[in-house]
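See the structures that follow.
Note that subunit A is present in both complexes that follow, paired respectively with subunit B and with subunit C.
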Partner chain A sequence: MTPPDVNVLSLMPVLVVLLTAVFATVLPFYTTRRGIAGLCSMGLVVALGWTVALWNQRLSSFGGSYVADNFALAFSVILILAGIAAIASSADGIVRSGSFPAEFFAVMLYAICGTMLLVHARDLIVMLIGFEVMSLGVYILTAFQARQQSEEAGMKYFLLGSFASAILIFGIALVFGGTGSFALEGIRAALAVAPANAPIVAVGALFILIGFGFKVAFAPFHQWTPDVYSGAPIAVTQYMSVGVKAAAFAGMLKIFGEALPSVGGWQTPAQFLIALTLMIGNLAALRQTNFKRMLAYSSIAHAGYIGLAVLSSPAQAYPAALFYLAAYALMNAGAFAVLNSISPSDDGIKVDSLAGLGSRNPFLAAMLALFLIALAGVPPLAGFMGKYMIFAGAAQSGFYGLVILAALTSAVSLYYYLRPVALMWFTEAKGFALPDLSSGMSRAVMVVCAIGVVLLGVLPSLVTNLVSTIGVFASR
Partner chain B sequence: MVETSYYIALAGILFSIGAVGFLMRRSVIQMFLCVELMLNSANLVLVAFARAWGNLEAQTAVFIILTLAAAEVAIGLAIIVAIFRKRVSTNVDELSSLKG
Partner chain C sequence: MNWVLNAFIFLPLVAALLSLAVPKAARGKFAVFAGIANLAIGVYIWLSGIAFDKFSTVIDWLPGLGVKYAVSTDGVSLLLSLVTALMVPIGLYYLTSRDDGKLSAFYPLALAMETGILGIFAARDLILFYVFFEGTLIPSLFLLGRYGRAARVQALTTMALYTVFGGLLMLVSIIGTKLLSGSPTFLLEDLLRGVRQIPEWQQVWLFLGFLVAFAVKTPLFPMHAWLPEFHGQNHPSGVADLMGTLYKVGGYGLFRFALPLFPDVANNYQWIWMLLAAFTAIYGAWIAFAQTDFKRLLAYSGISHMGLVALGVFSLHPAGSSGAILLLAFQGIYSSALFLVVGMLERRFIVLEGGDESKEKALDRALEIGRVRGLAASAPAFAGVALLLWFASIGVPGLAGFIGEYSILLGAYQANPWIAAIAVTTVIASAAFALTAYQKTWYEEATHSVADLSRREWTVLVPIVALVVLFGVYSAPALELVKPVVAQLYGIVLEAKK
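After this line comes the complex of A and B, so read on.
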């Protein structure tokens, strides 16, 4: 009998986060909430260290079901940084709405653990476990506050999320039925030889697309997004819009790019979904008066842009998607951090109430302006390079129509991103002043995000050189 | 021995009943039970194909999915109870304070 194939080193990033989460679950009986937040941040920093240390080693465990390749590690870096940013932001939330149970941080770490498992998995069942751990954690976080809106958002997210999970699981079962394997390599090999049950695999692929489509908010499965994003505590929205989206896209890229590229039947629906997402996300964002809801629709629109990468071939799509998600994580985490520190309540603020913020609070206004301009995709900031790489990859794969649509809709998006900037800097304040709840930690997060956004925009080669080969393993 | 396709057809019917029920029903608990029905139809598919392929991996996957469903129930019911305490209703049409 052979011993189980477990390489503890390869598991370290996830294990560190998991152990920290377990400690954070138990320790609130003995220490303060501030102590728990510190412990969780430390745990994430240690996990980040392990992630960097494992770079280029491509260790694997469980017979290849769990592989710490550069793709997974690069995504882990994004997920961990998003987690640290969310923990820093939650400190501002305490100033606003009073204290909340310290288990918040434990649940947050369990969710991060799930996202990391999802990006490391190379087997549909392991992927499913990561997907569910992530989702269950985020359902709890969404409903965490005793406010009516928060509970309602949690309920909606839970119902639609579990519906989506059921569809995803059914899809996985059908793909297994058609190929006889859960491993991505096994599925690919089975499909290369003789697709015996081709229709079953095609239907399964479609169901998997729908299941993940719910999670990344592809239209028409985006209905929950604005409600959940605006009802959840802002720090949680920050993590949902960055971490959950990045992890779900990593899962999609792996399944569709590596296991199912030869299956017909999902590409055409995916194109329709992406086109619809681009239009609905950008057009609906135009008419939002609440800034938090506007950012929710903007994140739907960004899901459309990243979706283009799922259609392209892995060799170009992986680096492009990774770069875009890194840039998007910095921009969006920064924007939500600023929103969090100027919101008098977790419901967010009216866009109009940003008027005159530039003269009252130049630092926060400058930060918010930078992130919004980057989200709009104005050169030379990171958002522009990200869009350029994604559009170029999609055009090389022949999706000209979608690229043109994406370019047009991103021109539309200039209006709703730049209007708050103009309001902040070129109009006089009227009525009440927004509070400034920012702590040293959250200001540090904003500054780091801002530096990242500028750096990735001016010197994209810093990241692209590192990740240029992550798609090569996949297309072998 | 019954053909695999019959099991798949039955699973498809169960899945459709669950999906339609989820979309039609208005009580949170009933919607939730519909999701359970969909999960179990997926389990039926897995078990049927495990026999067809002679591959036990899928049968272990069923256990994992049962566990996930149980975890989902725990969290779902907790959220339902939290809402029920305030509103004394489990009708989703009344969860409508978030709009736009």
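After this line comes the complex of A and C, so read on.
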């Protein structure tokens, strides 16, 4: 009997996070919540170190079901950084709504563990396990507060999410039935030679698209997003809108870019979904009066932009999607960190109450303005470069119509992103003062995100040089 | 890699960042000195002769995607850059005389804008151009938003939406141009090489993408609606309007990018573009006639000028193109200066009324044309300088405006006599509205008496007046700069006609 193919080194990033999570589950009996938060941050930093150390090595385990290639590692960096940012800004939430139980951090780490497993997987079953671990963790986090909105959001997310998972599993089963393989390479190979079961595989691909489309909030599967995003604690929303989205997109890119590119039948629906997502996300965000809900809808719109990368050819699209997600992670995590530190409750704030923030709290207002301008895609900040790369990739693959639609809708997005900026800096306060709950940690997160947003905008080659080959690897 | 041009572009931005560390009281002086130092670099570039690619920098910015950081300068870029570098310190110097302690953010924002505008003129890579083109919007919006009047938020929203809407369509066109032409990079020279093989119907769409963006920034009818609001709501001193005037780079964009890239489209549908431009010119002058607010009047008169600039560019004729660039450059001097004159008037009228600048009604009254009349009696020198600038703006021979307008009409006549005939009426119309406004304000029976020019105002206006007269009688230095570039463009157009 041969021993199982386990290369512990390749597993280290995930293992470190998992072990930290286990400790964080047990230790609250013996130490303070602050200690647990510190432990979890440390664990994530160590995992980050391992991720960087494994760069370019392409180690694999479990017969190729789990591969720590640069694609996975690059996404892991985003996921871990998003996790650290969320933990840092959850400290502000504690100031506001009393203590979270310390298990909060443990569950958060389990969710991060799931996302990392998802990006490392090259096998539909492993991918599904990661997907489910991530989802279960986030369901719990969403419902973590004893508030009606939070519980309602958790329940809604859980019920709809389970349904989406079921569809995803059905899709995976159909693809397996059509190709006889769970491994991405196997599926690709099977499809290359014998497209006999084409209809089954096509239906399976469509179901997988729907399952993932739910998680990344493609319209019309987005309806949960505003309620869940605005009901969940802000630090959780921050992680959901960045980490979960990045992981789910990584999964989508792998499945559709590597395993199923030759299957017909999913591309056209995907184009419709993306077009719809772009329009609904941006137009609905226009009408929001609650800042948190506005960010939720705008994150739907961003899913549409990243979705363009799923359609494009991997060599171009993978680096573009990665860059976009990295930029988006910085901008969005920063914006949510600011929101978290100025919200009197986890319901977020009215957009109008931002009026005059610039004169009362210049630091937070300047940070928020920077993140919003970057999210709107104004050069020379990171959001613009991300959009440019996505547009260029999609245009190269011939999706001119979608690119023009994306350009027009991002002009729309400027309106709802710039309105808060205008309110903060160009109008006087109207009596109602927002609190400033920011701790040193969350301020540090904002500054780091801000530096990243400027740096990635001005010198994008810092990232693109590193990741330029991740798509080539994949299409090998 | 040449540091001089990069220093010229980025010195204002660096100064803007540094000025944040300067005490608020000294910030104005610091910004003026930075502006003057920058002008000195510009003059150095001019004097050292802009031989071919002498000041170019081309380095990879996004390798693999063909995006380069490529800046260079030639006669046209240099002329427009010099005007910018000259007007910014003048404007900021005037601003220091009105500094009430609340303007400390104005200086860094204006300097940041200067970097953006200089970058627009120097960029030779289309993505880099786009970055400067749109990036300049941010400081511009903040100037309007921080220092504008009551309805500023609406005005800045309109401006931002117009600009970004057009800009993003241009971005799509830029990406499309590169892909369809098979060019390895976004460098203008690489794109020029491959662009002719694109089928014409695709060229038309790509051209339209550029046209929309530049029509917003020129502005051309029907994309002009943001401009009157922009000027009407900006800071009463007129310095922000001066920056806005310098930021009207649509004519340059058409000349530099849209025409050389798509000469066939420009040629085959020439009468459409020329008609659009001529109509803009007349329309602007016509609406200006009905304005009762000084700034809105100048805004519409600017639209009218820009219509002429576009007409010259679209004439595809050497005389017309040179005229367009000269008019664009010189109106950057005298139109900007007229905004400062309005700022000086507003200051006097506010004092007359004993009004408060933060009150909307007081500002409305202060900027109303014809409420205060007959200033020439009490402020003769001011009246003389203002008349000179108005005359320059109408295009009276002997002043800087004439050479540009005349050459444009000459070029347009060669291309399409009928449209040129329509456009000529603009000159008459603009004389009508300008002189009516002038007469109401300065002549007629004196209703009030005001102070004549102060020493600081003299300092602001003297270099401007000197240049307006100098280039009116001797425009050769400017023409020498523009000619070779225009000849090059004309070569491309001629080749396309074959």
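Basically, the second predicted complex is superposed on the first by the 476 of 476 C-alpha atoms of A that agree within 3 Å, B and C clash if a C-alpha of one lies under 4 Å from a C-alpha of the other, contacts with A are read in each partner's own complex, and residues count from 1 in each chain.
Basically, contacts are C-beta pairs under 8 Å (C-beta built on N, C-alpha and C of every residue); 3 or more make two chains touch, one makes a residue touch a chain.
Keep in mind that what you see is a predicted model, and the values were worked out from it rather than measured.
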| item | value |
| --- | --- |
| Which superposed partner A:239 touches (first subunit B, second subunit C, both, neither) | neither |
| Contacts of A:305 with subunit B and subunit C, given as first, second, both or neither | neither |
| Subunit B versus subunit C as contact partner of A:324, first or second or both or neither | neither |
| Touched partner set for A:110, first subunit B, second subunit C, both or neither | neither |
| Partner chain in contact with A:256 - subunit B first, subunit C second, else both or neither | neither |
| Partner chain(s) touched by A:422 [first = subunit B, second = subunit C, both, neither] | second |
| First, second, both or neither for A:384, with subunit B first and subunit C second | second |
| Overlap of the subunit B and subunit C footprints on subunit A, listed as residue numbers | none |
| Subunit A residues touching subunit C - in the complex, by the definition given at the top | 373, 376, 378-380, 384-385, 388-389, 391-392, 395-396, 400, 403-404, 407-408, 410-411, 414-415, 418-419, 422, 425-427, 460-461, 464-465, 468 |
| Contacting residues of subunit A [partner subunit B, same complex] | 125, 128-129, 132, 136, 139-140, 143, 146, 148-149, 151-156, 158-159, 162-163, 165-167, 169-170, 172-174, 176-177, 180, 182, 200, 226-227, 230-231, 288, 290, 293 |
| Subunit C to subunit A touching residues, read off their complex | 60-65, 127, 130-132, 134-135, 137-138, 141-142, 145-146, 148, 152-153, 156-157, 160-161, 164-165, 168-169, 171-172, 175-176, 179 |
| Footprint of subunit A on subunit B - complex, ascending | 8, 15, 18-19, 22, 28, 31-32, 35, 38-39, 41-43, 45-46, 48-49, 52-53, 55, 57-58, 61, 64-65, 68, 71-72, 75-76, 78-80, 82-83, 86, 92, 95, 97-100 |
